[in-house]
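Residue numbering begins at 1 within each chain, and the chains themselves are lettered A, B, C, D, E and F in the order written.
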Amino acid sequence: MTLTRRYRFSSSHRLHSPQLNDEENQQVYGKCNNPYGHGHDYVLDVSVSGKLDAATGRIVDLDTLDQVVGNHIVNCFEHRNLNADIPAFQSMVPTTENVAVEIGRRLTEAWPDAFGNTGTLLKKIRIRETPRNIFELTL
Amino acid sequence: MTLTRRYRFSSSHRLHSPQLNDEENQQVYGKCNNPYGHGHDYVLDVSVSGKLDAATGRIVDLDTLDQVVGNHIVNCFEHRNLNADIPAFQSMVPTTENVAVEIGRRLTEAWPDAFGNTGTLLKKIRIRETPRNIFELTL
Amino acid sequence: MTLTRRYRFSSSHRLHSPQLNDEENQQVYGKCNNPYGHGHDYVLDVSVSGKLDAATGRIVDLDTLDQVVGNHIVNCFEHRNLNADIPAFQSMVPTTENVAVEIGRRLTEAWPDAFGNTGTLLKKIRIRETPRNIFELTL
Amino acid sequence: MTLTRRYRFSSSHRLHSPQLNDEENQQVYGKCNNPYGHGHDYVLDVSVSGKLDAATGRIVDLDTLDQVVGNHIVNCFEHRNLNADIPAFQSMVPTTENVAVEIGRRLTEAWPDAFGNTGTLLKKIRIRETPRNIFELTL
Amino acid sequence: MTLTRRYRFSSSHRLHSPQLNDEENQQVYGKCNNPYGHGHDYVLDVSVSGKLDAATGRIVDLDTLDQVVGNHIVNCFEHRNLNADIPAFQSMVPTTENVAVEIGRRLTEAWPDAFGNTGTLLKKIRIRETPRNIFELTL
Amino acid sequence: MTLTRRYRFSSSHRLHSPQLNDEENQQVYGKCNNPYGHGHDYVLDVSVSGKLDAATGRIVDLDTLDQVVGNHIVNCFEHRNLNADIPAFQSMVPTTENVAVEIGRRLTEAWPDAFGNTGTLLKKIRIRETPRNIFELTL
């Protein structure tokens, strides 16, 4: 059984790759390349699986999950500029694909401390950039 | 091909496990352990797969599906108190995980009579407890 | 200008009026009269109006609004049984109409202390019982 | 990683199979068999996977995806009558199952020209006929 | 206090005005003028007001409301072609504006018989043609 | 009769008022005052009223409405930084209240040229900053 739990954060970013020249950046990213950036209300769905505990009827401790996602993702990304405030996006363009990669990296790294011997596994993250664009990363 | 069909029911419950003492119950379930209970508008998505019938262009008979889910789930859970009205929750705490297990058990049991030789298979159920918490059970 | 801010709480209730006999209760409320109750994920929209503050560009202090609605409504109703946990529903059947009346009464009473000389006015509350039933009370 | 991108089109159709007689058509399709047809606001989710391009941080070129889905699906189905305007539904009843099959066939056929050597793969389409009925076809 | 109750129906239509020539029809309605029609999943919100009944805690009898809207609107429009199946649209082009007018006319006409001496008033109808286009008619 | 038509734009902003000192800015705006800004997917609903044209069955020409809102709002705000890209926010802090004021000012100014003698009136704008915060400005 899996639980998908929903989180939200509102951030700004500008898509501009240091590996592309100005014309290529404009061509690849269009208005997402506008110099002063723009922003989104990101919706992050974190899917975990676990063994059903017979006594509690639960597959995951929600408080722990909220702490991990809160400390490592929401509190860092919420109301921030991804390019300026998140170290990983000094060297990586903050497309939602790369945001997914970075979130996956952070959660994977934090998982053992939080859920080490509980059998709760991190399965998938899904990020909705806009209602039309949803990215899914299996972990 | 799969079809996911959506059903809804509004129920109340209290999370309190007989296998835990009062303090543990309070710690595990927090305000979900409040003595007089609370409730949710559950959204149940039932996913089935089937072979496309060349004559009808259908993979499942919707009337039959609605009857099975209606008779065994919605009519029993709708506007009910899970702890008091559903026998399975005499011995099992009605977390949404256990609600999923009970719904899966009921549908699996009813399936052969309803869809015995049609090739329609029950694949997955998904229950949305609140817009933030969604449980998925592959069957 | 008005701001509408959204809150949520999940509660259970049973519709049974002491002014009606059992048969009338069954006829008026149908399955909402089931003896052990049921529940909903209520959505509460609070609409306030105010003068635009030239320095802050705001019409209402959101922290104050969240405190008023939190202390007087959400913290009292969230994960509670309306019949058992809310004094007003000892003598009043907890239909969503009456829930709206009670919420309006509580907010109106708390308003002067919170927003006394700010010019922020309480205009309207709207409660969504289910996605199909929405009640609106102008204050 | 997969991207799911959402498209919409509004079409009308009538469900009436030439392989069934009138009584059977009425029994299988009910009011969907009404002689003058009815319609839906279809929501089409197209899921693709791809390798993350290190320079652009993208897994798929969105302009190309929009062109393929636009030219082969949306522009053909939008504000059309499926029975009268789409050749495939001369011989196939336009149930949403068959609409999914036809969309899958069209996208599969157009894919090599559009995404031939990019590594972008067409994984899945999902069509929401109404908020209660969603069909998914893995490709 | 007002209650807004939601109904749905799926219909097809073609926008073509007998008072305009072919070129004008094409210019005014664009692809909505396509000869074989298209369709929508209409969402109809009916808003009524009423006096709070002290005994029942209700402002309107929901069963009566569902019967009126069911008999006069949903059962007539659901899975129908508006041009062919609804007499009013023989002489009136079935734009959503005119659909609103026709629904308002039907409900106003049926109201006295259903709610004659109850004090329940029909206040407003709102029709969502697509998620982007919503029409509101105060009655 | 009114039509409400929905538009969307994604922008970034930072809330920092030149009329407040740093400490006050931090106190009033909290994390919205973070130095590098953040962003939202704004939803803009524009409500207009008009006389029903007997020949076309329409109350407003949608192409004209889309052009006005497109040219004066969406194309200017979409994928932009409000503080840096919109002149009005040089001297006004871009709270959603002020964004509503600026949108109202722009539409009111553009209205006569677009809808001068048509009887179509601009009634209301509503901006959803996040699903929890909605601002409404009657015009």
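Criterion: contacts are C-beta pairs under 8 Å (C-beta built on N, C-alpha and C of every residue); 3 or more make two chains touch, one makes a residue touch a chain.
Keep in mind it's a predicted model, so treat the numbers as computed, not measured.
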Taking contact as defined at the start, I'd like the list of chains shared as neighbours by chain C and chain D. B, E
By that same contact rule, can you tell me which chains touch chain A and chain F alike? none
When chain C touches chain F, do the two copies use mostly the same residue numbers, with over half shared, or different ones? different
Rounded to a multiple of 5, how large is the rotation, in degrees, that superposes the C-alpha trace of chain A on chain D? 120
From chain D, the most remote chain by mean C-alpha position: C
Separation of the C-alpha centres, chain E versus chain F, in whole Å, is 30
Per the centroid of Cα atoms for each chain, what is the distance between chain D and chain F, given in Å? 34
For chain A, what residues touch not just one other chain but two or more? 131
Pairs of chains, among all present, that meet the touch criterion: A-B, A-D, A-F, B-C, B-D, C-E, C-F, D-E, E-F
Flag every residue of chain B that touches chain D in the complex, lowest number first. 1-6, 47, 52, 54-59, 62
Chain A - residues contacting chain F, complex: 8, 10-13, 31-32, 34-41, 78-81, 83-85, 130-131
Chain C-touching residues of chain F, taken from the complex the two chains share: 15, 17, 19-20, 28, 92-95, 97-98, 100-101, 131-137
